[in-house]
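Each chain carries a letter (A, B and C) given by its place in the written order, and its residues are counted from 1.
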Amino acid sequence: MAWTWFHRLGSPPWIYGFSGRLLRFLLPLTLMLLVVGSVWGLAFTPPDFRQGNSYRIIYIHVPVSVVSLAGYYVMAIAGAVSLIWRMKVADIAMRVAAPIGAGLTFLALVTGSIWGKPTWGTWWVWDARITSMVVLLFLYLGVYALYEAYDNKALASKACAILALVGTVNIPIIYKSVDWWYSLHQPASIKFTGGTTIDPSMLYPLLLMIVAVYALYVCLILLGLRAALLESESKTKWVQQEVMEQ
Amino acid sequence: MSNVLAKVLSRQVLLAFRRPAAVLNPLVFVGVVVLMMPLGLGPERDVLGEFSPGLMWITALLASLLSVETLFRGDYDDGTLEQLVTSGHSLYFASMGYLLSHWCVAGIPLILCSGLFASMLSMPTEGIAPLMASLFAGTLVLSAFGTLGASITVALRRGGMLLSLLLLPLEVPVLILGAGVVDRAIGGMPIADLLSVMMGLAMLALALAPIAIAASIRISLEV
Amino acid sequence: MSNLPLIRCYEASIHRGDRCLIADLDWSVNAGELWQVTGDNGTGKTSLLRVLAGLAPNGLVGQCERDGVALYLGHRNGVKADFSPRENLSLNLGSHARFSSKEMDRALEIVGLGHYLDEPAYRLSAGQQRRIGLARLFLPSPRLWILDEPLTAIDVSGVSLIEACVNDQIQRGGAVIFTSHQPLASGTLQRLHLSAGRGVVQRV
């Protein structure tokens, strides 16, 4: 029972059809969540008593940061599945996850920097979280660049899976060490607002936005997966049928 | 089993001594970088001394990065790796041999000379022994990541730039901990806990990295 | 000694990257057989041999089983120019076995390097360097040999030397698969000809 489900996941035509049906309601849902969450967060929450209105960027910054870290694990798990079970779909999912994850990490850095200007008075601060995010960005870019460097794409995926797994073992160590490094050098003038409590009226739209960005991430992965599936399976019968039907 | 480890290790070390440039290049590199530091930062002993832990560690990291690029190059080009994989030897222990050989050839000489270089950067004397101790564990981790990176990029035509992109993010903790050990020692704080963390990481890297290296060698041979 | 085939391919397809070089190969190699793989450039001779040697597991679709370890000598046979012939054999990574120095000296003498045992290989000619690699054939070795272009850069006396040792290996109950554009003189030579994406067995 469980295994037939697992085998279905490995079948490109099934995954293509299934993701198509899933996206049909997931895409509108994601759009709705994003609109509701951002309008609620940006327009209907009270301003922060210290930061005024500038804090509202957390409704983009925090969800994007959370998802970009989770995305690395998604990529590594997909890589592990493709290494162990030689599953083509997992393979493609991993390679699609790398640029998407890199994009989200970059967005997190940019929004963090925009937030930093009014809050800290400077675009860039070597804060523990920012530094960790930069390292994460380079981990993503490394996987992506390694994939591009191989001509043989089947081997490229394997190499990337190994690298992603090594990165996964390392991420906790990197985060821990960067935290420790920051505590060592922390300048007194800059204090991160984390740890302070957040009012429910600000928290609920934030949670909603996190869910929305997760949904967006799933949509992006599925869309990328479908495009890559069509490309890599372009010689098979089911793809040609699919194209004929369109 | 570990027969192949000894064989790879002795082969690589002998090869390095046939071509002493392999041993000397990283040291000369570190020497030149150390020369650049006072030229760029100014000769004030206080400034140099304050930055010396970080400078020494960044230099060590770059030296390891530069020297590891050619680790598999010759053996890939002349077919030695093919021989190794078809022989039925344990690729895990062979990989560990390569890792240790890089550490012996590039790591140990650097550790031995680091005291000299550190005093040229006017590092306070209480920092020098901790520097060597942290390099002892840290360069082992650097060699582990480096060997992995070299094995995964050896078949690629333009591996050099890619190698630094792959390795530097992974090596962040080593840099932080290594420089931290020396900083604390100079500040008169205890360092035993940090050193044991570094040693633990080194052992972990020594045990786990060969798994990934072995898989990467197989992939590189198929390209 | 088991009667299992040393190599057994069943509906095997050999790929290189996305390209299928050989489709649906049914082929087996038994003890005592000598096989020459022929075909034009780019028909997949080397790719086939690499799959057989276990160097390209991803290039294989279908079944291809090998009984035990094989001795594989490729285009590049792992000779280090900085090592002497002796060191090249004693530090060779291509074999499980530890050879005695007597065995190694004898093998090097057979291939005609008796006077250069401790000379660095970079002082030797290209042909002599290849002979260092081929000295492996005169050391204790597995039953199956897979030799990719063993005759490249080898002179006439060298070719007859290789012929003799290949025949010895066949007599001992081993098997040899090789690629070459010239045949080896042997009574039992069989041919696998690759063309147009197929492997066809030819009796000679």
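List of remarks:
The rule is short, and it goes like this: a residue touches a chain if its C-beta (ideal position, glycine included) is under 8 Å from a C-beta of that chain, and two chains touch if they have at least 3 such contacts.
Please read all numbers here as calculations on a predicted model, not as lab measurements.
The touch graph of the protein chains shown is complete. Closest chain to the protein centre (all Cα atoms averaged), using per-chain Cα means: B. When chain centres are set by their Cα atoms, the one at the greatest distance from subunit C is A.
With each centre defined as the average position of its C-alpha atoms, the distance from subunit A to subunit C rounds to 49 Å. Averaging Cα coordinates per chain places subunit B and subunit C 37 Å apart. Distance from the subunit A centre to the subunit B centre is 32 Å, each centre being the mean of its Cα atoms. In subunit A, 151-152, 155, 158 are the positions where the chain touches two or more neighbouring chains simultaneously.
Shared contact sites, meaning residues of subunit C that touch two or more other chains, fall at 58.
Shared interface positions of subunit B, defined as residues touching 2 or more other chains, are 222. Contact residues of subunit A toward subunit C in the complex are 151-155, 158. The touching residues of subunit B, when paired with subunit C in their complex, are 3-4, 7-8, 10-11, 14-15, 18-19, 74-75, 77-80, 82-89, 94, 218, 221-222.
Those residues of subunit A whose C-beta lies close enough to touch subunit B in the complex are 135, 138-139, 141-142, 145-146, 149-152, 155, 158-159, 162-163, 165-167, 169-170, 173-174, 176-178, 180-181, 184.
Taken in their complex, subunit C has these residues touching subunit B: 53-59, 69-72, 74-83, 87, 91-96, 98, 120. Every residue of subunit C that touches subunit A in the complex is listed here, in rising order: 17-18, 58.
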